[in-house]
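Here is the structure we will look at.
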Amino acid sequence: GPVARAASEPVRVAVAANFKQTIDRLAAEFSRKTGELAPVVTSGASGLLYSQITQGAPFDVFFSADQERPERLERDGLVVPGSRYTYAVGKLVLWRPGRAWSGTVEQALKDPLVKVVSIANPAVAPYGAAAQQVLEKIGLWTAPPFRVVQGESLGQAFQFVATGNAQLGFIALSQVKEANAQPGIESEVLEIDPRLYAPLAQDAVRLKRSAANAAVGRFLDFVSSPQGRAMIAAAGYASAP
Amino acid sequence: MNAALDLTPLALSLRLSAVTAIILLIIGTPLAWWLAHGRSRFRFLVEALVVLPVVLPPTVLGFYLLQLLGANGPLAWLWALVEVRLVFSFAGLVIGSVIFSLPFVVYPLKGVFEKVPRPQLEAAATLGAGPVDRFFSVAVPASLSGFLAAAVLAFAHTLGEFGVVLMLGGNIPGETQVLSIAIYNHVEQLEYSAAHALSAGLVAFSFMVLAVLHFTNSRRKVAL
Amino acid sequence: MTQLSGHFRLSRGTFLLDTAFDSAGPGVTALCGPSGAGKTSLLRCLAGLETPEAGMLRVGDEVWFDAKRRVFVPPQRRSIGYVTQESSLFAHLSVEDNLLYGSKRLADSARRASLDDVVDGLGLKALLSRRVTNLSGGERQRVAIGRALLRSPQVLLLDEPVSALDVAGRADVLRYLRQVLERFAVRSIYVSHDLREAARLANEMLWMERGKVVAQGNARDVLTDVHLPFAELDEAESLLDGVIEGHDEQMGLTRIRCADTTLWLSQVDAPVGSSHRVQIAARDVSLALSAPGAVSILNVLEANVSELVVAPRQPAQMIVRLDVAGHPLLARITRKSALALQLQPGTRVWALVKSVALAE
Amino acid sequence: MNAALDLTPLALSLRLSAVTAIILLIIGTPLAWWLAHGRSRFRFLVEALVVLPVVLPPTVLGFYLLQLLGANGPLAWLWALVEVRLVFSFAGLVIGSVIFSLPFVVYPLKGVFEKVPRPQLEAAATLGAGPVDRFFSVAVPASLSGFLAAAVLAFAHTLGEFGVVLMLGGNIPGETQVLSIAIYNHVEQLEYSAAHALSAGLVAFSFMVLAVLHFTNSRRKVAL
Amino acid sequence: MTQLSGHFRLSRGTFLLDTAFDSAGPGVTALCGPSGAGKTSLLRCLAGLETPEAGMLRVGDEVWFDAKRRVFVPPQRRSIGYVTQESSLFAHLSVEDNLLYGSKRLADSARRASLDDVVDGLGLKALLSRRVTNLSGGERQRVAIGRALLRSPQVLLLDEPVSALDVAGRADVLRYLRQVLERFAVRSIYVSHDLREAARLANEMLWMERGKVVAQGNARDVLTDVHLPFAELDEAESLLDGVIEGHDEQMGLTRIRCADTTLWLSQVDAPVGSSHRVQIAARDVSLALSAPGAVSILNVLEANVSELVVAPRQPAQMIVRLDVAGHPLLARITRKSALALQLQPGTRVWALVKSVALAE
């Protein structure tokens, strides 16, 4: 059951890896603005965090990369009722380092220089599933003129391209924004028509064990405040419908 | 960059590796001795058992350990009773690492233990040394290279391991976030320069420690 | 001195050790017999390094092994020193630490032999700080003997402990060993292929063959029994007990009274009146029908022939058992001479003894 | 469930582990012998070097290997020359696994190699056996337990490893999707029963193989 | 037979092996000397198991080692058989595979000794399929000898190869060894602490002390030189060369003509007219001023005293060197007797020899 804690405890946040840097910025801003303790952020694959939460992991809120896992937690009875909401919607992009883009996604993929295309594992990562849907829609999923390699996470899908082993990669817009903030990585993206894939809604839930910590509510309020939303949008996410 | 070069994960990693290596030597030594010299007919089963954790992917092993040690696991009542929390805590990481590196301690030790000259053990017995005494006064000095190998492998393997640790809650900054996970996170977050810096530091540091260790060891042998 | 007796049955492959033994008299018990007879196996049973399938072992008042009553005292709780046939020194320890290994594990009160004494007695001074891995064969053996002695054991098991020593070194070590064993009244079993060496040290002899002790008894009697394997050996010999009668300082000789006559031997460092045992090799004894004239042979004993047998492995030779004033003495002569002298049981002869050694 | 119990990843994993273990024995044996008996003063450096890959988290090591072996890597011209593709291929997985399991082969072997009785090696020399002949006719039979340990550790460690493999292999079904990744995926997708089934199968299978191996080995020793 | 000569300098800790040596005559060269003298070290240099800092080694026409010209033939390319002082059998191989290890590595043409012959000669039949780890000490030594012989070497190095054998077994092995060595004309170096044993086998003797060969030469001359260490030993002895004159089948004796007289010894299985060497222990020789009467001593030789010295370690005894028709013969008698007989160089004496052994 919920454990009573001193009010001075920081908020413990579990976050899907792709949202890690965004939540870091939100947390820093939250703490700067309110003078509260900076939330402690643990990132990981959504599935991993889900398993940990079911085994009593000490998290107060969970920002998942999908909707399924928060829903399951809800069914498991581990979340504060009514706390689930969509905090961001991801944007899938096609990325390659360096060169400027023109043309459509289809043209880009059919470029004879494209030998390897990386995606995240569709079975595990929502962005991977989205990439698969796009490829299916444009008829390049079965028997494509290139090899599709799968990263376990978006991060790996990105790395395949970053190391030059894949020419193109389906990744999240937010990643490219982060990457462009890093020195040495210059890149441009080709946005993908959101109708080609199911919306990448990412849900968050407040966990029951956080009941005694009032700071959790304040942090969640901040995240869904206009300032918070603006920061999320700036990171490359569409806002929730 | 500043946050990246936070040294807490390094300290935590070294502590975890050291504690794990020590515990492994304590557990692994008698186990290896028994495997090498025991009389039971079922040694071969135990020997096979010791390696099993390694055939599973680390995260999967971690997943099972999480179920077993977690709040809703079958042994939860036990942990509650003794008031320790085994997941999302240092203790949990140690348990996971110990299980995961056990064969890398037991196997090399068993190998050298089998080579301890029987006439010397027998001589020690006739000179009044009981089994434990014989073990420490004859077998251990004759097996130093095996202990070194076991300690190095256990330490290094724990330093680099992150699957089990991640699963058991090893990513809470300042609490259970070890270096391997910190590096992994940096790579995942595309913070390559931070990842490179940490990796290079870790590799250089390990190399120095290992080189000194092996150098002293080779000296010792020449001097003997 | 602790009595040692018992019986063992131990099978290893096709070899079966199945024997009783008893070592009760004072001093050293020599254990002889052909290669593969089971001498080492027997010592290992005594030391507790083998667990026989059946049998028992009594040492003084203690029972160290009893298969029926399931008693088995492990080696470390038997008060034994064991010098093995092949080196078993601790490779990771210096000579000094090897020597002290056993004595460190003794209670102070049980520690009788001292390091200095052993080091001096065995000439190990210069080796103390050396690693054992580069010792010569003979040096290793001396260290092994020292290590066993420093354990201050009740029972000392010696498996050919001086086989790698040169003759002079061997004599020195055996002299020292004899002295220590007597000083501390240690019961010891001495395996040797060299009968002279064994007889010099032993009061009692065991002869093993194919896993069995086939002859056993007082050294004097066993050695001179023409029907036992000892007498057949080239190095067969007799032991005579005597008393020192006087010294000839000038000539460096000592007179010993034994078997109703006086024997001369190289000067012994012992007072007049003390008792000593002398060792006479059968091949050193010649026989004559009359007292000889001027020869370099100092010792002439009057004797009666009591038994004559042809040496089993050397049909040209005869083993003659003499009676010298009630004491048995063996002679080994050619069949041709025996015929020429017309020897028969009862014949009166003079035994010319070329060389007499003190069997100390 | 049907897809879950696809056996291609299992076959691939076994092949990868077997190939890796064999290559490791081939590379690791002379290396371990040199470390145990070589005369160079710099052995201690090599000894330290061998362990280094293990101190890095597998995915990070994989990341570096990907750069090194990849299309833009410093050695790319070499791979192009010999016309092999080392990433996203079985060959790449083998290279990654070999590097990552090297110490688990080299260290146990070195331990037993140091214990090969020198008098026996010298006797072999005087009986006409050159260095290589001595090695195979004396050192190897005297070190069988070390070889067994090395082979088991290399095989098991490769079977369970997935970090490096994932990075270098790109998870291409039938080509680089090994069992450990498949199990991991099931866990991630919350398909626990499939994960359990695969894990249980893997563990049971490994246990049987290992038990038989150790059983035969213990028999052999008794018979010797 | 291959000549072996050279010199070595090898320092190991405080020990310095620094010696020249030469082994040119036919047959076996015995290497004797106190424990720690450097005998094993010398053999290891010959085998190529040590690399001396200086020196060279020439074997027949080949140079196996030359420090100056940086020649070093590794052990496996030297045609040697080496029986080490301590067992070095291959623990993982059966007795048979141990025996065959060396011969398997030979070209067919170089294979001279055959397994069957060696197995018979050393009595290893029953052991062939056994593991070597549970052999007895003596069995191990015999296997080691067999293994070295089956390598069919040019040079055989034997480091106390029969120290763990009983007397009978030892005689058998030495007889077989002698025969094999002659048959294949193998040059061999034999380290032994037993002078009798060494003399029985050797034509040439080396005496080492503190890392140096201090005496070296033909066995007959070296053994009877009263100024060399051999004569000082208890087991000092002389070698006489003779020719078989006849056999006395009935008595089991053989007459050998040597040094102008006839000696009787146990029957030898060799035709009349063949030449043989006999071995006479100094302590078996007694001296008389007149020809003796009826004694069991068969062999009486007329001789002149050529030299007399007091035995260095035993002042009660004298070493007497006799001249028997130009052949040297040693006798060891007490100083008392020497005085009583008034022995001096030139004195005419009768040497009574109790027992004569064939130094086959």
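The letters A, B, C, D and E name the chains in turn, as written, and every chain counts its residues from 1.
As a convention for this text, a contact is a pair of C-beta atoms (placed from the backbone, for glycine too) under 8 Å apart; a residue touches a chain by one contact, two chains touch by 3 or more.
Since the structure is predicted, the reported quantities are computational estimates derived from the model, not experimental observations.
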Statement: In contact with chain A as well as chain C, sorted by label, we have B
Field: Given chain B and chain C, the chains that contact each of them
entry: none
Maximum centroid distance from chain D, chain identifier (CA atoms): C
Task: Could you give the separation in Å between the centres of chain B and chain D, each centre being the mean of its C-alpha atoms?
output: 19
Statement: Distance in whole angstrom between the CA centres of chain C and chain D is 60
- prompt: Using mean CA coordinates as chain centres, what's the chain D-chain E distance in Å?
  reply: 56
Statement: Residues in chain A with touches to at least two other chains are numbered 48, 51, 156, 159
Task: Would you give the residues of chain B that are in contact with at least 2 other chains, written as numbers and ranges?
output: 59, 63, 187
- line: Where chain C touches two or more other chains simultaneously, the residues are 86-87
Statement: A full list of chain pairs that touch reads A-B, A-D, B-C, B-D, C-E, D-E
Field: chain B-facing residues of chain D, complex
entry: 43-45, 47-49, 51-61, 63-64, 103-104, 107-108, 110-112, 114-115, 145-146, 149, 152-153, 156-157, 159-163, 180-181, 183-184, 187, 195, 199, 202-203, 206-207, 210-211, 213-215, 217-218
Query: What does chain A use to touch chain D in their complex?
result: 45, 47-48, 50-51, 68-69, 72, 116, 118, 121, 123-124, 147-152, 156, 159-160, 163-165
Statement: The residues of chain C that touch chain E in their complex are 12-13, 32-36, 40, 85-87, 130, 134, 136-139, 142, 159-160, 163-170, 193-195, 233-235, 248, 251-253, 264, 266-267, 283-284, 286-290, 292-298, 313-317, 331-341, 352, 354-355
- prompt: Along chain C, where are the residues that touch chain B in the complex?
  reply: 47-49, 74-78, 80-82, 84, 86-93, 101-102, 105-106, 131, 147-148, 151
Query: So in the complex, which bits of chain B are touching chain A?
result: 59, 63, 66-67, 69-73, 87-88, 166-167, 169, 171-175, 177, 185, 187-193
